[in-house]
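Consider the two complexes below, in which chain A is the common component and chain B and chain C are the respective partners.
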Partner chain A sequence: MPKDTGIGASTKRREDVRFLTGRGVYTDDLSLFGQAHAVMVRSSVAHGRIVSIDTAAAESMPGVLAVFTGEDFKDVGGNPAGWLINSRDGTPMREPKRPVLAHGKVRHVGDAYAAVIAETYAQAKDAAQVLADATVIEELPAIVDMRAAVADASNRVHDEIPDNLCFDWGWIEDNRAAVDAAMKAAPHVVTLELTNNRLVPNAMEPRASIGEYFPGTGDYKLTTTSQNPHLTRLLVCAFVMGIPENKLQVVAPDVGGGFGSKIYHYGEEALVLAAAKRLGRPVRWTAERTESFLSDAHGRDHVTKIELGCTKEGDILAIRTETLANVGAYLSNFSTATPTFLHGTLMAGPYKVPHVYVNVKTVFTNTAPVDAYRGAGRPEATYSIERVIDKMCRELGLDPFEVRRRNLLTPDQFPYTTPVGLVYDTGNYQATLDKAVELADVAGFEARRAESAKRGKLRGMGLSTWIEACGIAPSHLVGVLGSRVGLYDAATVRVNATGTISVMTGAHSHGQGHETVFPQIVAEKLGIPETSVEIVHGDTAKIPFGMGSYGSRSLAVAGSAMDRALDKIIAKGKKIAAHMLEAAEGDITFADGKFSVAGTDKAKSFGEIAFSAYVPHNYPLETLEPGLEETAFYDPANFTYPAGAYICEVEVDAETGKVDVVAFTAADDFGNVMNPLIVEGQVHGGVGQGIGQALCENTSYDENGQLLTGSYMDYAMPRADDVPFYTVDHSCATPCTHNPLGVKGCGEAGAIGSPPAVVNAVIDALHSGGHTHVTHIDMPVSPNRVWQAINA
Partner chain B sequence: MQMSDTREIKAAPSDVWAAILNPDVLKECIPGCTEVTGNRDEGFEAVVTQKVGPVKATFKGAVTLSDITEGERVTISGEGKGGPAGFAKGGAVVVLEPIPEGTRLTYEVEANVGGKLAQLGSRIIDGFAKKMADEFFTRFQTAVEGPAMPEEAAQNADEGGQAPGEQKKGWFKRLIS
Partner chain C sequence: MTKVTMTVNGKSVSAEAEGRTLLVNYLREGLGLTGTHVGCDTSQCGACVVHVDGKAVKSCTVFAVDVAGSDVRTIEGMANADGSLGVVQQAFQDHHGLQCGFCTPGMVMSSAALLAENPRPTEAEIRHYLEGNICRCTGYHNIVKAVLAASGQDAGAMAAE
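Entry: the complex of A and B
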């Protein structure tokens, strides 16, 4: 019997009431008295030297209040990379300064080198064009192709970095010789070269920021589209602007999606704060959609050669990869972690492969910065592994389901130490595979294929068994891996006198449904109605601390912090109950919202305890504090390891190359599920984005570094008719062993596991139609590419 | 993008050469051109208004001539700035050869766009550039040798007061002959 309240109930999302009725309050919705408008002046060339900027004409335009250029910020700090990665030879990565506004050189189309502040948006926009016309930029040859970038030392994105290389990383370098030997000794070696296509995140709400300065106190306030306001505050204060952390409040109100792109601090945030201080007025900036295309951190963009050594029976013996990863023109905050520790550490997949070595060369180019995008590194790893295994099956004539079963780790092997440095705590990969096979009716596939053939379509089935490391936290692990910050989270549970509860959480909800799920957990633990609980997030002045939401971490890390704080609330409640019931604290039990003296009928309800805490007329104040509010910080012992099996069925029209995804089955192990409805929605969204990457989306720069896909006319987002009705299951749960909720995280799963399932299905369809010369098609598997491959 | 094509023009190479270097001819022949000033030695300034897909803009730019082999070959380079629309730049190598019918004109064009033009118009920019080049050389051919269509020739003849049947001439040719 499904529950209708508390943990495991499919409570409908309370936040949807305001989102769906247009009553959400987003940054751009805020209108402040005296506000001025900022427009960024962006480079229209990919690479150029700034010869001169004549601001005079722009400054004399109607309504113009101020003009900023890179010169104004040359003495403040740069926006840093959050992870320090060392090259194979031990040298630290090259880390060029990322200024608030470009200074000296512009390094990608859309690189902001100036900003105009005016009374109205239109005035600022007009003056920005005048400023652009009065700027002389000597265009330099653009560096776009990664191979050319590392081959040609004469042309540099950053003058001080000779080979355009950020680092050359080996994981694990000490294992390299053993992996090479295993590969050499392997009876069969499969090689695949592939591209993981560059994606534009395309959150529904473009980035926006409002800066305020209060001269009376010297305080600043930044309202911004952020997935993690505390990290933004840290970066703005300690690294860029030199503002004391206690003098800046960062608020991220309703945020319309992020997918990673709003984790990072961007120059516009520092700009509006500096402008607000100079003018003594609020200064606002909202990106146009084209600005989002040009300046949001993009995702993926790997070029990989993967080799897999195996027996003729399909036992995987070794995996070796060489990857070029594009970081774009500057290092965005997570950009160095994404292609390394979020990618290389997953390159063993869910398999018992003994030898794995990963090499990643990270390359600067004259393109927008590239950073974590839903899945971040793990989709790249999963795509490489699952595609090369599929190729192995075709080369050796093996059944892809059977090959997975031979190689998947078995439940008795946990905890399992991988050859790439992770310890998987728990899982049952056979169970999710069996579940997917059952739900996808694999047995009936041939009949469906025959039916498709009657309609002239080639039907194919693709499989992907995926794993990821998420719940991004343990400080001790990420510290070893190069993180310059700790990754934990915090929550405060405030019980009000009347028994209602406010939870201040470090997680930031920008579509995830925290406002619904977190109260379910509180309600379950305290035996009170969900509606008595309010979630407060996204404001550094209100929440204790937080590292924000990304890496499928909200529930596993911030939710666990909340759980710990609830434990403290219950412990404090027992103290109060012991006083009120005149019993020993050790005799008080808490269940179903009541504090009872064990073995008696003496009890106080949660509400009575709460009221007493704030009306402590007869408290023994030496031993019992008034109030009922607790804070907990939670830093887990390990990552969490969600895993699953995805089966995709496609129909290909061989005449046109058009691919239709006709069925998609996802059987996932997310550990304990707090709200099945929301989890299903997260899987739908993730798989939708994965299908988008596999079939539609591609970010294209021409050889001059001009972005050719700068709008929805040219950048193909998946639409409703590109995706099927999904079959989603998460019943094969092995609870996470180290967090109190036993949860693993589900936000990125769909985007990680689905692209190889789609492409494997397309290859299967083409082979079934006799097009066996097609061994690989790079994403997006567009009609043009499929047709070209068929007719090659 | 790159394009190349060949045209046979019924006029002597010296006439074709003179036309190429004439700002009035360029103004007539560049689609959307409203102004051309300057000369072959110091270069030309041109103003062109064009609509590329969703982007309409007025481009102001400089055109320079280089690698000149008198009467035979010239490289034309230009860059136009279109304000918020971005920029377009390119070059054309034009080669003239005498043939019995007159002149064979061969051109190789390389064109690039940047900014909004690239972001919004890239799907159509190749077709657009080809159309621009076609139109330019068609107009140029017309200007030098006269209209290709008999009806058009007749109309021109009426306007010009020429008797029907008289050998048709392009306006430029009439100007210099």
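Entry: the complex of A and C
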């Protein structure tokens, strides 16, 4: 019988009621007295030198209040990269700071070099066009292709960086010779060159920011679409604007999706704060969707050569990769971690691989910045591995299921230290594979294939067994790896006098359902109703210093902090109960919402203890502070390692190249599951994005650096009729060994495991139709690409 | 600026609008009905869908002055008279058909319009009808389930779990 409350219950989301009735409050929904509107003026060329900006005409337009250019910010700091990565030779990465507004040069189409503030949005928009017309930019040759960027030293994105390289990273450099030797000695080597296509995250709520300044106190307030308000505050204050942290409140109210793109600090946030101070009025900015395409941090964009050395039986002996990773024109905050420590460290997959070496060259181009997008580095690693294993199976005539099963780590091998620096704590990869095979009815596949053939369709099946490292992350480890921040999280549990509870969490919910799930955990632990618990998040003035939500970390890190704070609440409650019940503290037990004297019927309810803490008439004041509120910071001991097996079935129309995903099965190990309804929804969403990447999404710049896919008319988002119902399962759970809830994180899984399953299925379908010359098709496997491959 | 009057969620309302003011901006800024969202600038995403005289309309493609006098319904007008969630809204909550909530108003309005036209749609009909509404969170699985459930069909039996 499924539980109907607490941990493991599919509690319906409480936040839904406001979203379903139009009462959510997103940043752009706020309307402030006296507000002015900002419109950014963006470069229409990919690369150019700013010769002159004549602001006079724009400033004289109706309603215009102020014009800002790069000159206004040249004396403030720049937006930094959060991770310092060293090249193989030990030299630190090249690190150009991004200014609030471009100064001297513009470096990608959409690079903002000015902003107009006016009484109304329409007036600001009109004046922005006048300003753009009064700006002279000397166009320079655009650097778009990564290979050309590193080959041609004469053309530079940043004048001070001669080869357009940010760094040349080797992981693990000391293992390189051994890997090379193992590859040379391998009886068979499979080589695959592939592109991990560039994506635009496309949270449905465009970015928006509102700046306020209060001259009476000198305080600032920034309301913004952020996944991590404290991180944004830190970046704005300590790196960009020089505002003392205690003078800036950052609020991220309801946020309409993030997928990584709202982790980062963007220049518009600094602009609205500076403008609010100058004008003495609130200043708001909301991106149009076109601006989102042009200026949000994009994702993926790797070009990789992967080699796999193996026996003739398909036992993996060595993996070696060379990757060019695009960072775009500027370093976004996580951009240097994504292609390195979130990618290279996963290159052993869930397999026994004795030797692995990863090389990543990170390249500046005249395109929008590229940073973490759902999965961030781990989808790229998984795609490379799962595609090359499939190619190995075809070259050697082996069964992809049997080969994976044989190479997977076995449960007795944990904890397992990989050759790329991680320690997997627990897992049962055979179990998820068996479950996926069962749920996908692999045994019945040939019959389905025959049925498809009758309708003239080629049916294919693709498998992917994946792992990721998430719950980001142990601070001491990420510090060694170059992170400039810690990655703990925090929670304050405030028991109110009447026994209800407010939890202030450092995690931020922008779709994940924290307002529902976190109370389930509190209710389970304290034996009180879920409805007595409220979650407070997204406001630096209310919550403890937390690092926000990304990297599937909310529950594993912030949830663990909350669990620790609850432990402190219970411990203090026992002291209060011992006094009230005239018993020794050691004799007090807490269960089902009651503090009891062991072996007696003497007990006090949780509510009675809470009341006593705030009305301490009968209370040990000489030894115990009144009140019942505890804060805990939690720094994980390790990453968490969710893993799973995904099976995709496609039908391909060989006449047109059209691919239909007709079935998708995901069997995952997320450790303990707090709310199955929400966990399954996370997998659905991730798989939907993964199918989008595999089938239709692509970000395309032409040779001049013009973005060809700058709207939903050109960028193919997956729609309801592009995807099937998914079969998902999370029953093969091996709880995480090092966090108190035993949870692993489920937010990114679907987007990590699904793209290779789709592409493997397409290749399988083509081979079944006799098109055995097709060994690889780059994503998206669009009708055009499939048709071209068939007819090559 | 002219004063534009229409009926919104059963009440007669008026607000100032320029000739170029879109219905979505009239609703959001003129009337403070911020439940209707703007998710794109090319009439693709469907976050702004409302009903105009009973038909689903992307309110970013309509000038407010052009629908003066019309009967408009927005997400704020979808709950039952007692404030409880309407059938479609309730099905979205029951089946976790929303995550970040941003596309949700448009999804609910489109789904309601579909069910008004076609009370028992098939899965394929639902997916086809919702093609003009983009969701980035749910992978559409639970949205389609919710619409099946709102039409009185056994969503659990039709959708694999």
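One rule holds in what follows: the second predicted complex is superposed on the first by the 791 of 792 C-alpha atoms of A that agree within 3 Å, B and C clash if a C-alpha of one lies under 4 Å from a C-alpha of the other, contacts with A are read in each partner's own complex, and residues count from 1 in each chain.
Heads up, the rule we're going with is that a contact is a pair of C-beta atoms (placed from the backbone, for glycine too) under 8 Å apart; a residue touches a chain by one contact, two chains touch by 3 or more.
Predicted model only: the values in this text are computed from it and were never measured.
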*Report for A:Thr290: first if it touches chain B alone, second if chain C alone, otherwise both or neither.*
both
*Touching A:Gln706, do we find chain B (first), chain C (second), both, or neither?*
first
*Could you tell me if A:Val109 is touching chain B, chain C, both of them or neither one (first, second, both, neither)?*
first
*Check the residue A:Leu621 against both partner chains and state whether it touches chain B (first), chain C (second), both, or neither.*
neither
*asked:* For A:Ala792, using the defined touch cut-off, is the partner it touches chain B, chain C, both, or neither? Pick first, second, both or neither.
replied: neither
*asked:* In this superposition, which partner touches a larger number of chain A residues, chain B or chain C?
replied: C
*Is A:Tyr26 contacted by the first partner chain B, the second partner chain C, both or neither?*
second
*Does chain B (first) or chain C (second) touch A:Glu680, or do both, or does neither?*
second
*chain A positions touched by chain B in one structure and by chain C in the second*: 290, 711, 713
*Parts of chain B lying in touch with chain A, wherever the complex brings them together*: 53-54, 81, 83-84, 86-87, 112-116, 118-120, 122-123
_Residue ranges of chain C touching chain A (in the complex, touch as defined)_ = 18, 20, 28-29, 32-42, 44-45, 47, 74-76, 78-79, 85, 89, 92-94, 96, 98-105, 108, 123-124, 126-128, 130-131, 133-145, 158-161
*Mind pulling up the chain A residues that touch chain C in the complex?*
12-13, 15-26, 28-29, 31, 122, 202-206, 254-257, 259, 288-290, 510-513, 677-678, 680-681, 684-689, 691, 711-713, 717-721, 723, 725-728, 750
*Of all residues in chain A, those that touch chain B in their complex*: 44-45, 109, 129, 132-133, 290, 293-294, 700, 702, 704, 706-711, 713-714
